[in-house]
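What follows is chain A paired twice: with chain B in the first complex and chain C in the second.
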Partner chain A sequence: MYNTGQSAVKKTGFQLLPPAETVFRGFLYGAAVCMILLLVGIFLTLLVYSFPSIREFGLRFLYGKTWDPVTEEFGTLPILIGTIITSFLSLAISIPFSLSLSIYLGEYSTKGTVASLLQGAIELLAGIPSIIYGFWGLFILVPIVRSIETALGVPPLGVGIFASSLVLSIMIIPYSASLGREVIRLVPDELKEAAYSLGATRFEVIRKIILPYVISGITAGNLLSLGRAIGETMAVTMVIGNANFIPTSIFAPANTMASVIANEFTEATGTLYVSSLIETGLLLFIVTMIINMVGKQIIKKMSVQV
Partner chain B sequence: METENLFFRIFKDRLFKLVVIVFSFASSLPLLFILFYIFKNGIAVINWQFLTQLPKPVGEVGGGISNAIVGTAILIILSSICSIPLGICTGIYLSEHRTGKLSYAVRLCVEILQGMPSIVIGIIAYMWIVMPLRTFSAFSGGIALAIMMLPIIVRSTEETLKLIPDSLKEASLALGVPYYKTILKVIVPAGLSGIVTAVIISIARVAGETAPLLFTAFGNPFMNVNISKPVNALPLLIFNYAASPYPEWHALAWGASLVLAVFVLTLNFFAKMMTKKWKVQF
Partner chain C sequence: MKKFLCYLMILLLPLLAFSHYPAHAESKELLGAGATFPFPLYSKMFDTYYQAYKVKINYQAIGSGGGIQQLISKTVDFGGTDAFMNAREMQKAEVPILHIPTCLGAVVVTYNLPKKLTLKFTPDVIAAIFLGKIIRWDDPRIAAINPEIKLPAISIVVVHRSDGSGTTFIFSDYLTKVSKDWAFKVGADKSLNWPVGLGAKGNPGVAGLINQTPGAIGYVELIYTMQNNMPAGIIKNKAGNFIEPNIKSTSAAANIDMPDDTRVSLTDTDAADGYPISGFTWLIFYKEQNYGGRSKEQAEALMKLMWWVIHEGQQIAEQLKYSALPAAAVKKAETILQSVVYNNSPLLKK
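== the complex of A and B ==
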């Protein structure tokens, strides 16, 4: 019986199998290799097309203070400063909220109706497309910012760094909050119970046990949020005011790397202009990639540790 | 700590809890704000005409967004065709080859692709497809969105298939079933719910993307179903109309925002329900 079964496989199956098997394995292998080719292709394309601008400006591209299509002088310093201020300001605004959310959902209220409602709201917030944030920001938030600016006595433009940081901070709260919640839940109960048994209050447990334990995870979450804030395009483009000057205050209009591409790419004429915009894209790609890799590496280390 | 008295410590504890709760609930306020305004301004313009008519010229009352709805549908179909088979195959490869240099490299690439700013993907699709063909097209927009969908599908397929116990595969192989049939008829069906959820989530993600479409699908005030010509899409329409000075167009943009938000949030809701109901469990 056993023998006939084996020979049957040999006769019918074995001769037919290899082609199908090989084709199938080839497909999987090909698909996997495609991912690498895709990324390498993207990187090379950006590099090749930004070559005219790299050759023309060299490092001056990074510290040049004028971005002027008319004279074909492209320095990204105003744009880099705009990007840095916008993203860090939004991160600073978001941290109190996202940290509170992580602590509340990870420690105070892990189950129950209130927690799941709040959790649902955060997930909805994460799901809203960025164009809607931008549109809402432009029509609802900008007038509010304008009245704040009038009250403060600065030029009431409404659009500018402050408005875009506000919109961005709303957009990134869900990301750092959900990551923070996860790492806070990873804190072993024994540690917390040991502290409670010594008479610590909940606040002391959170401050002296939980936060030191999860600080790297929280940092990673905020890094990933920063990466998102830097790469975010539409919401920022709509409310930042698009000015290629070094911003003088947080209410001034500015531009970020992403918004300058979104605004000027279709209208760019001349090789050097297009290539400068693509070099900006390449920079943006590299910066967000480094931030993401560092953030993800920290998270990986944490989950191995726990 | 010894010097602090008990009353003060308890007071700090309460105060901290209060602060945490206030900040937590304050961060859900923007959601209410956004949804309130979208519904208030959107519901006023939404009716049957709005969904079935083309936009009217400035000054005329009425008009709809049918071209953008059709365009978004075309873009989603195109990007799904390009990304789903490739993404699932890569996901299967990664779950079958958990270690190894190639798997490591592929995982790294997928991770980097996932974090890539959407505007950069727009530039790439422009360089690869729009420039050689010398025209903006629905096809190029579909490719840009496909690049965004790929990493989501790959990661979730891999994660889902990894959860399926080896014993299932071994049982099938022990019966003499060839490897490829084991994968296609045992492993993939067992993880199908996870894969479908991933596809839904990725569609929800790209349906609202605007940045990759700015220089690819470009937008079009007319109805177009030819994939080699520019098409409109809901997010593009919102962007273009929001930037215009006409109140009629702003009203259309609010309506389009409502349609888009409801579509995306419904997809997310379905995905969440699916994960809850048909979670891959062994």
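== the complex of A and C ==
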């Protein structure tokens, strides 16, 4: 249908149109190819530069527990675990809030002052530089966490996995909330109206109609947020305690891969040290990729059910 | 249209200002990069120098490692570093590189205790605390050297730098010299495999974490404790004297018999009144200044600047609470500067 229209135009003698069409399509292809080339390029760069470390440590890089720049012994198990725990914990903390926000903005209050104020606030939160979150976390949030820890009877360090997950969750809420709101607004009115006409309450409409319809979109939004949480550097490094030990509880200090790279890269000397930091980057890349692929599968399963 | 022209004028104005600028400044601009610790001092020094001699100096505080890299790749006129270049790094440069000290820095042990107490420390006790062997403030080993003070019965929380830094290097270099245990288990570098404690980013991060964690102990640069009114531990030096860290005792640490190239670690100094966790910070440059198409004027401008830094510049150091070079170190630096050549002929007169 589309194609016949195009050839009809061609025949009527608009000579300029087909080249413009081609140029535009070429541009789109180009952008897409560039994107893939960039991704492959980054992956290859990381791979090549981490070669000395891969040759030296092999798989020990993954299960080694020591990160020692002095003796040049590098293992990433503690920081790998730290990364995964902080990012998933922050996602768990953020979901109730981001989901409520997106339902409120997508369904209850779509227009008006409150909605635009709230929307503005969310966008502003997303725009705050992460170092600001870090400092705010260190000077405001950490003392609060410390008093919670004192009340619970765990060592009152303040900094640690819990504090950094809290900061991270605040940082990722804007992303999942904005995406959630968009997909909730996309729910066809016919569906909702049909449910209302059958006597469903608002809560029932949300629970039985809207949520099943948008669940894959919401999951995708949360996945994007998780990616951000895994790669976040500055804010985490300020409040996590930067201790390269396998964490024993969610209040224990730990470290993440992104934070180690950011902390040590500037002053790292020696081929093996630099190469190990780059391999950590490669590992981060692969972890993000795996989580994304698993996420895609989950979304696919969910979409089929709807 | 009028508005558009107006904008255009505003846009073009800076271009106008720059248009006659390169010809004027070409040979009178020096480029440096390196250590962050002396950066506030260098910016003040270089600004004062610019006011007096109209030579513009652009110093990028990218870290000591970066400073060395940039000098080796010959993208700067001089580098700055808190740790002198080791033999391997010197070899990488292929041609001789010279160091001159510009000022001294000290690393201070600071802590957060309920009352404002000035504690004394011995090298053994510091090493034991940072190794996680002393875990409470009321440990008899701390009490033994502070008999007049009632120590609180709380746990010690060790705070260290999480980012690679010259501060960590000086501190661990000191501990490596004074404690066999530390030398064996941890060693000295800009980043370490810390046996205990929390890591925080930069001096502000460490100071912030110590200030809000009861029982915390950590190390920061001397200037930082002076500016923020933090307690500073008094440390027993090699001669057996308990030395309070300040500008004078830091300068005094350099009153030793030092090698002619000034590449010396001052930690655990022999000087009787010297603070034991002190160190030089250096500017580094090539001995043969004719490289990469540099003009003789450029080389001369650099040498004049260096000469000024170790003489007139030292007054600025004291104003900014950096420790100035003692006379002996200035003398050594003078000799080094006099050895700098352009096409094998000395740039400075003896």
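Keep this in mind: the second predicted complex is superposed on the first by the 242 of 306 C-alpha atoms of A that agree within 3 Å, B and C clash if a C-alpha of one lies under 4 Å from a C-alpha of the other, contacts with A are read in each partner's own complex, and residues count from 1 in each chain.
Assume contacts are C-beta pairs under 8 Å (C-beta built on N, C-alpha and C of every residue); 3 or more make two chains touch, one makes a residue touch a chain.
Keep in mind the model is a prediction, meaning the values are calculated, not measured.
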item	value
First (chain B), second (chain C), both or neither touched by A:21	first
First (chain B), second (chain C), both or neither touched by A:71	second
Partner chain(s) touched by A:31 [first = chain B, second = chain C, both, neither]	first
First (chain B), second (chain C), both or neither touched by A:220	neither
Touching partner for A:258 - first (chain B), second (chain C), both, neither	first
Partner chain in contact with A:238 - chain B first, chain C second, else both or neither	both
Which superposed partner A:229 touches (first chain B, second chain C, both, neither)	neither
Partner, of chain C and chain B, that touches more residues belonging to chain A	B
Touching partner for A:142 - first (chain B), second (chain C), both, neither	second
Touched partner set for A:266, first chain B, second chain C, both or neither	both
Chain B and chain C footprints on chain A, overlapping residues	138-139, 238, 262, 265-266
Touch list for chain A against partner chain C, complex	66-71, 73, 138-139, 142-143, 146, 155-159, 237-238, 241-244, 253, 255, 259, 262-269
Sites on chain B touched by chain A in the complex	1, 9-10, 12-13, 16-17, 19-28, 30-31, 33-35, 37-38, 85-86, 89-90, 92-94, 96, 102-103, 105-106, 109-113, 115-124, 126-128, 147, 150, 154, 176, 178-180, 183-184, 204, 207-211, 214-215, 218, 235, 238-239, 242-243, 250, 253-254, 257, 260-261, 264-265, 268, 272
Chain A contact footprint on chain C (complex, rising order)	62-66, 89, 155, 157, 162-165, 186-194, 197-201, 205, 208-209, 212-214
Residues on chain A engaged by chain B in the complex (per definition of touch)	5, 9, 13, 17, 20-21, 24-25, 27-36, 38-39, 42, 45-46, 49, 96-101, 103-105, 108, 118, 121-125, 127-136, 138-140, 170, 173, 177, 201-204, 206, 227, 230-234, 238, 258, 261-262, 265-266, 277-278, 281, 284-285, 288-289, 292-293, 296
